[in-house]
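Here chain A shows up in two complexes: once beside chain B, once beside chain C.
For the complex of A and B:
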């Protein structure tokens, strides 16, 4: 039941964690923005026009990944401005403060917490509210994650995790492992020596290599 | 660990073993002797229906964790009931009572974890928890608190540590 490797936790702050797979995937989530100055010949690079020579006029709307937005955003040279995705805007913040448990965070962007923390890089005047909402959301959803992960033994958990964001899913797995390890001990299976999951996966990987 | 080292760890004088006289031995030896049918196990004092009922009721009544008769009450109950249930009077009742106490304590642990998170406390004191109880929720709770700590540092812009620790 032990994991083959130890996943690196996401950075969950203005800095992402270089070695976290979750953070790497999160950095390519799209972010709405606007071109603050004309960007000649860049339409193709930013995924807007078809031709290589097209330019982006000032003020046009953009949809760019987070890593690119972070690189282009510069408070002195105004190249692009970044807008808040709608779940971090005030309307949604009210929903979160009313009842965070009803929101399907996986659908709303599977990296709600990490992405929200990254948004603090863009000097938005609403930053304090965003940070506060993210924290409160985590706190109010904590109980349900804890209870469901520690009670669901030997059953299908896909319905339980469907509405959790990736960070919460990792947490859910940690809770499940605690429960499973305990049940394993109680049934007397803990004293039996089993093959490490690393060894088992190694065998599987070899077979798929041969196929491909 | 080489066998000779193991012997060194488990060193000591035990006995004398006289037929009919009670003698105190480590659990591992007691179970070993029991399995070879060389002895009769005498359950610890607390492994008794009346005492356990009292413990269970107190655990249910109080908000904090009450001290357990043994830091390994779960482990001992399991071992003794598995290998020597014929030496323990009312073994089934004891099993249920210990399980009830355990369930109450786990529910309490979750409740206090939740209020701890909800009030955004920085430290808490949890007395009388046994290792087995800590182990079941430990990883989950520390991970959750880790996340919460990071999300909370976001509230103070500029002060956040640029750390790459793992």
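For the complex of A and C:
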């Protein structure tokens, strides 16, 4: 990580952070929906049907990204209804409450927590249960993440992070940075000036022309 | 699907980890803006149609408007995050950027970098008494005035405080004033050796 570059953090809870790259990619994830009335001329825009003039008949199933679902959501006039992705449904909630540690959140998500919090914006009757499941999942997985991030020193961590969602990965990286900095200090290397990590990132490329 | 081009910009930038600066995608940006213009124009046409009675088009107009806002958000976030990365470069590399990085910047970004550099320099002159204070120096607290360094590549002649010049050749080792070589270490020319 570069020491001077601080990306815009993703928002927490039901609010998105407008400029956060993470949040933009998170809101690109799709969720299933249904057209409650016929939608003229929309078929082409949503990737169904060929002609620009085609309309979407009432009741047809749609796959729309979260940002669009949020923008079109209207509690008074329900034109598109939004359903829960399966991972937030009752069946999966049972799995999470049984043992959240075994689930591969990266494959299912990879923005399980962020996306789940966003779903609370749609007035779904199951909202309290969803929120509770997300919270409990985080609590039960957090212990293992913190433990592994604080103790895997000089190891290949790819197996440890493979099943973590993006929020958990950020936590893991923070823990690893703390561990590495502490080890550095213990070895008396904390005062060593090191090459900028950006320089290291650019790797073997030569910067011979420094006044360019 | 609308908005794909703009998201692709964001996705590429997000993939470039650790604050490195990928090339500026002028073409992708232009296409995203073009798409926005097209959306806007089609909406204008449909608005006048909706005014004359076709209220079923209102939803379509709203859909396009959402796409417009989405594109706007992606483009703004793309440009803003690039500026954050460019700002970090000033602290990591110093005031002169290697040409390989400058190739990745748009003309406006170079302009912004120069202005940022100027503001920072003005501020650093205004603090810390007569001569100002270089905030980019001694980011880690120094333990001694002189440090042992090893040269990682041929750099050329280098003048130190007392007026003598030394030749920085690959693999040569020197005992130099810390403040003189801190920047070169950050740039990866020298390596700080702890005894």
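The definition used in the following text is that the second predicted complex is superposed on the first by the 193 of 212 C-alpha atoms of A that agree within 3 Å, B and C clash if a C-alpha of one lies under 4 Å from a C-alpha of the other, contacts with A are read in each partner's own complex, and residues count from 1 in each chain.
The rule is simple: a contact is a pair of C-beta atoms (placed from the backbone, for glycine too) under 8 Å apart; a residue touches a chain by one contact, two chains touch by 3 or more.
Bear in mind that the values here come from a model prediction, so they are computed numbers and not experimental data.
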| item | value |
| --- | --- |
| Contacts of A:79 with chain B and chain C, given as first, second, both or neither | second |
| Touching partner for A:22 - first (chain B), second (chain C), both, neither | second |
| Touching partner for A:188 - first (chain B), second (chain C), both, neither | both |
| Partner chain(s) touched by A:8 [first = chain B, second = chain C, both, neither] | both |
| Touching partner for A:150 - first (chain B), second (chain C), both, neither | first |
| Contacts of A:120 with chain B and chain C, given as first, second, both or neither | first |
| Residue contacts with chain A in the superposition, chain B compared against chain C | C |
| Touching partner for A:135 - first (chain B), second (chain C), both, neither | first |
| Intersection of the chain A residues that touch chain B with those that touch chain C | 8, 18-19, 188 |
| Touching residues (chain side chain A, partner chain B) in the complex | 8-9, 11-15, 17-19, 113, 117, 120, 127-128, 131-132, 134-135, 138-140, 142-143, 145-147, 149-150, 167, 170-171, 174-175, 177-179, 181-182, 186, 188 |
| Contact footprint of chain A on chain C as seen in their complex | 1-3, 7, 10-11, 13-14, 17-20, 56-57, 59-60, 62-67, 69-70, 73-74, 76-77, 80-81, 84-85, 87-93, 96-100, 102, 139-143, 147, 153, 182, 185-188, 191-192, 194 |
| Residue ranges of chain A in contact with chain C within the complex | 1-8, 18-22, 24-25, 28, 38-42, 45-47, 65, 67-68, 71-72, 79, 188-202, 205-207, 209-212 |
| Complex interface listing, chain B residues touching chain A | 78, 82, 106, 110, 113-114, 117-118, 120, 132, 135-140, 143-144, 146-148, 150-155, 157, 160, 162-164, 166 |
